[in-house]
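Got some structures for you, see below.
What follows is chain A paired twice: with chain B in the first complex and chain C in the second.
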Partner chain A sequence: MRKRENKLIQVYKSKKPYSDYILFGILLVALPILVDIGLLKYSYLTTIASILIYSIVALGLNLLVGYSGLISLGTAGFMGLGTYLAAFLTKDLNLPFEISLTISVLVPMVIGILTGLVSLRIEGYYLAIATLAISEILRKIFVEFEVVTNGFSGKQASYPTLLGFLDLGRNGTFILIVVFLIGIMILTYNLINSYTGRALSTMRGSEAAAQAMGINIFKYRLLAFAIAVAYSALGGVLYMHFVKYTYPNAWTLTLSLNILAVIIIGGVRSIPGTVLGAFVVFGIPDLILKRLPLIGDIDGAAYIFNGVLIILTILFYPLGLIHIGKDLKKLRFKLRKRKESYSEQA
Partner chain B sequence: MSKHDFILKVEDLSIAFGGLKAVDSLSFEIKEKEIFGLIGPNGAGKTTVFNCITQFYKPDRGRVYFRNKDGQIEDLVGKKPHEIISKGLVRTFQNIELIRELSVIDNVLVGSHIEFKASLFSQLFRLPKAKREEERLRRKAEEVLKYMGLYHIKDQLVAGQPYGILKKIELARTLMLSPRMIILDEPAAGLNDTETLELIEIVREIRDKLNTTILLIEHDMKFVTDLCDRICAISFGKLLAIGTPEEIQANEEVQIAYLGKGDE
Partner chain C sequence: MSIFIQILLNSLETGGVYALASLGIILIFRTSNTTNYAQGSISMFNAFIATYILMGTGLPAFAVAILAMLSAFLVGVLVDRIVISRAQKVNPVSKQIITLGLIMIFLGLAPMLFGTDPLQFPRFIYGAHTIMGANISYNAILNIIIGIVIMIFLFLMLQKSKWGLAVRATASNDIVARMMGIPTPLITMGSWAIAASLGTLAALMIAPTSSVNLSMMDGVQIIALLACVLGGFQTFYGPVVAAYIIGFASNFISFYISSVWSDSILYVLILITILFKPNGLFGKKIVKKV
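Coming up: the complex of A and B.
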């Protein structure tokens, strides 16, 4: 039986999940069609699009938290910076979407790297403090730098135009988000299964081992943080072009903590877990709780829901809800084994 | 290069933590292809010596000369800990430092981290260059695992493996780069008699087949005297004696350090 289980593990290891990701993408792309034929409310589509965007952002944070063992509390700030840059570059400067996207991801990355250069030299946890500060500074800038940001009243943008002529509507933008999400999932999978991914895991597991094996801890911490910031900013850009509106109070610590909750609830070190977490944290309150009688009327029902869920997850699934699936599989395996042994006996 | 050239030469090594002199003007020399043991009672500063050699601690005084792959002699003091492995010097740890979340083979692959050259971009997109490199080194890791008798568990997670296996995985990880010298911190601690005998064989084989020099710390006197060509005994950070296992066993100062003086 042992042998068979080993075989199971091997099959599980050798299979690349690309096809699963792409299938998931195709299913998502079908959603706008459901809206068009009236099977799905438009508001659901908006919620799902933002869930997908938060998934991208959370994947970056998972790389940081799950693989590198660092914590950032500045996710919302960098995401907000992405939205404002995208709006400013496409609306105020009339730059093409592609160029705006590149700049809007690179600028936060540079700021992230500078933050990392200062805070990562000392200890892992200083990054949390430094990013919290940077995030608040950025939010202050969104409020005060009115010439560009319009202060509290916020800033607007429109659906993106690809290659200068392809005007994406609501559905087109939704598909663009799906494409980016699936792409990011695949790239992240590749990265964590490369030597860089192993280096990140090693430095999280044992700094001493990492150093003894020639892994430059500072370099890899900085790399992981830069990638996380880039994902946040990309999420911001996509958010700006789908929601078409950004304002300072959307980018508070609450959002950063919610994205942290996505990882804890969905699954640390798991790509599908991150997406599942985003659906749970950002989806269930919006799609289900709000529509329930009584509970829907409670202010902050989402906070209570997420809080309770975090406690339950840590108690029963410390590695995240994605492991429920594995448990079910194991249960089925056990049942089948039992059946087999019964039939053998008979 | 003759067999009698030194590969590692520690000269006047000293480090103090606060007022405590953990290592005090220690000097010794290890020859090429030697199995060299460092012994001493608890708290003698053995692991501190290792940490000073591999630059995890910065010694207050002294030099650590190492003959690298090209036959040149380099002072390791002042280098960063992650730069040491590229000189051909790899170590294991007293409390096994493996990554629980990674499979056995992935843990071993970490040992050849510095051999990976593919750019971040080609890793992200799994370009042929990154793929080829990964496959080549994975095959090498499989060979190392076969050699260590661990091939059958290569895809299992490290978490939950028995202690003896973990020790072997850690040793396998040091072999990935065909190092010039391996430093083993209490390799036999926690192993049973059969496993210890097996380990003696493995260490000898590594030395003979891979032309590697071995420096090890061990408490198990039988293990040390069976395996080592020469032994250095220290106590309270100071050198007591260097010599063959027989010489060390007969040395009076060593006996006192281990068993205490009669009139105390």
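Coming up: the complex of A and C.
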């Protein structure tokens, strides 16, 4: 007779990916409390917050790279644009956080759609480097448009104020980031399991076939770009309000490549994989390596670790680290079977 | 008039640097089918080695440059043997990410071995000369000549020598080339080694003006990639010509239009050009089969 399961577990099991995401969110929300008790260092919280922000950005890029097969190296530029817009709108124009958030996501999105127009003509390597050029132009604007961006010295902002009266402190902003991340994860999951997601996947497989099936390539490519850029800009806005400081040299090619690495290491076309990848790429150097006694003192050890890890993952685990659990299970199953067959023989 | 000639000569020098870097990228692209984002980092790393040899031994700069190119050759061979040759079955996007991993390794190794302070690398020769009212240093003339000579030499080799034939065969079809008895792994390794040497030479050319530091090659790397896009990835000469065009354009734009926005204007112009010629200026249209 089957054991009767708890009602809560039943609900948990019936709404599988959503409940996982929400559970993950609840675990994350507990972190600031741990900091307040003193179980966790404050610097860990900052690192984890930036990891979550990069996860949001990487989810957008995963949609673009993984599902629609387009490469973009402009992520950092759009994220930077988000930070500057957020800082300018809230600090210089004193607009409320919600309006600033909307504008700072919409403006990069329009630019993203323009980039998407470019992507209709060119593909592959050409597209990657064209987006790189756009990112560099944006970075130049951050440096030179001093009235708004304050040049090389960078720009500051404060923790956001929700609805005009709810001042969020450090912990509040952290929770806001978690809420956004979980929202984005659920949104992305729904999106890729909808008509749009299937259309994007078809496009990646074969453009000609997609067109023959009646999928409007023009529309879906632009949509993919718009979503990816909107996620990066959203990441930028959250970054601005949590880190409270932005400067042009934070938004270079290296960051775009790092975010690409997040996807490849974590797992292309996998939402939890993207988050895992962000923890590996941005988390392990900061959270673990820098605290080790000997290795932590060497300059650049974190960089080398990341580089080696990226190369090893691609060479030996091309599907991404998220599949490691499944593979381990398979391996255990195999071993057990082998053991059984041995015992049968004996 | 004298200003015009001055700009022309400057453009030849910067164009040469870009051309060397982009020739390295296109060599690697054609033989191992990946855009090498790590070209700049490998060059930067070897520029550090060069500066250390210079400070340690006091050899003249050009001897050091040759030693550095040899060390770059070795680094290229190692990179290919250890990483790239094992990644043949990896899909194109992941292959690009591998070169990103290489960037991180070199960015980590350089401060570990050489410290984080920027270092100075001297010019090859000192002194200046006036041509038709334009002032040009001997070093710049030397750079222009070295750039052009190396380029001509490599293109002659590509067209006339057995090695060149092997490279072109590998580039056009890897599998068939292997069937014809061409040692394609060796050819790929050679491309990585030569590309690293070319990049290092480019780095040493700009080193006197920019100092040897971790980000010295970032700008050159981006322009070299853009040159490959502008010239098209299908030919060897396309990116080189495009690199010179970019060199000229950037100098003329910065003098006649705006020195602050020259890079941005240049990027926009390049983007517009690729919109009209999606396969680059010298690229051929690839017919897709359904």
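Quick note on the criterion: the second predicted complex is superposed on the first by the 309 of 346 C-alpha atoms of A that agree within 3 Å, B and C clash if a C-alpha of one lies under 4 Å from a C-alpha of the other, contacts with A are read in each partner's own complex, and residues count from 1 in each chain.
By our rule, contacts are C-beta pairs under 8 Å (C-beta built on N, C-alpha and C of every residue); 3 or more make two chains touch, one makes a residue touch a chain.
Note that the coordinates shown come from a computational prediction; the quantities given were computed from them, not determined experimentally.
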First (chain B), second (chain C), both or neither touched by A:Ile310: second
Partner chain(s) touched by A:Leu222 [first = chain B, second = chain C, both, neither]: neither
Contacts of A:Leu253 with chain B and chain C, given as first, second, both or neither: second
Partner chain(s) touched by A:Thr196 [first = chain B, second = chain C, both, neither]: first
Touched partner set for A:Ala301, first chain B, second chain C, both or neither: second
First (chain B), second (chain C), both or neither touched by A:Ala208: both
Chain B versus chain C as contact partner of A:Leu132, first or second or both or neither: second
Residues of chain A touched, compared between chain B and chain C (which is higher): C
Common interface positions of chain A, toward chain B and toward chain C: 206, 208-209
Partner chain A, residues of chain C touching it in the complex: 29, 35, 37, 83, 86-87, 90-98, 100-105, 107-112, 116, 218, 222, 225-226, 228-229, 233, 260-261, 263-264, 267-268, 270-271, 274-275, 278-280, 288, 290
Residues on chain A engaged by chain B in the complex (per definition of touch): 6, 9-10, 13, 187, 190-191, 194-196, 198-199, 201-202, 204-206, 208-217, 223, 269
Touching residues (chain side chain B, partner chain A) in the complex: 54, 56, 80-86, 90-91, 93, 97-103, 106, 109-111, 113-114, 116, 118, 120, 123-126, 130, 134, 152, 155-156, 173
Complex contact set, residues of chain A against chain C: 65, 71, 118, 121-126, 128-130, 132-134, 136-137, 140-141, 144, 206, 208-209, 252-254, 257-258, 260-261, 264, 298-311, 314-315, 318
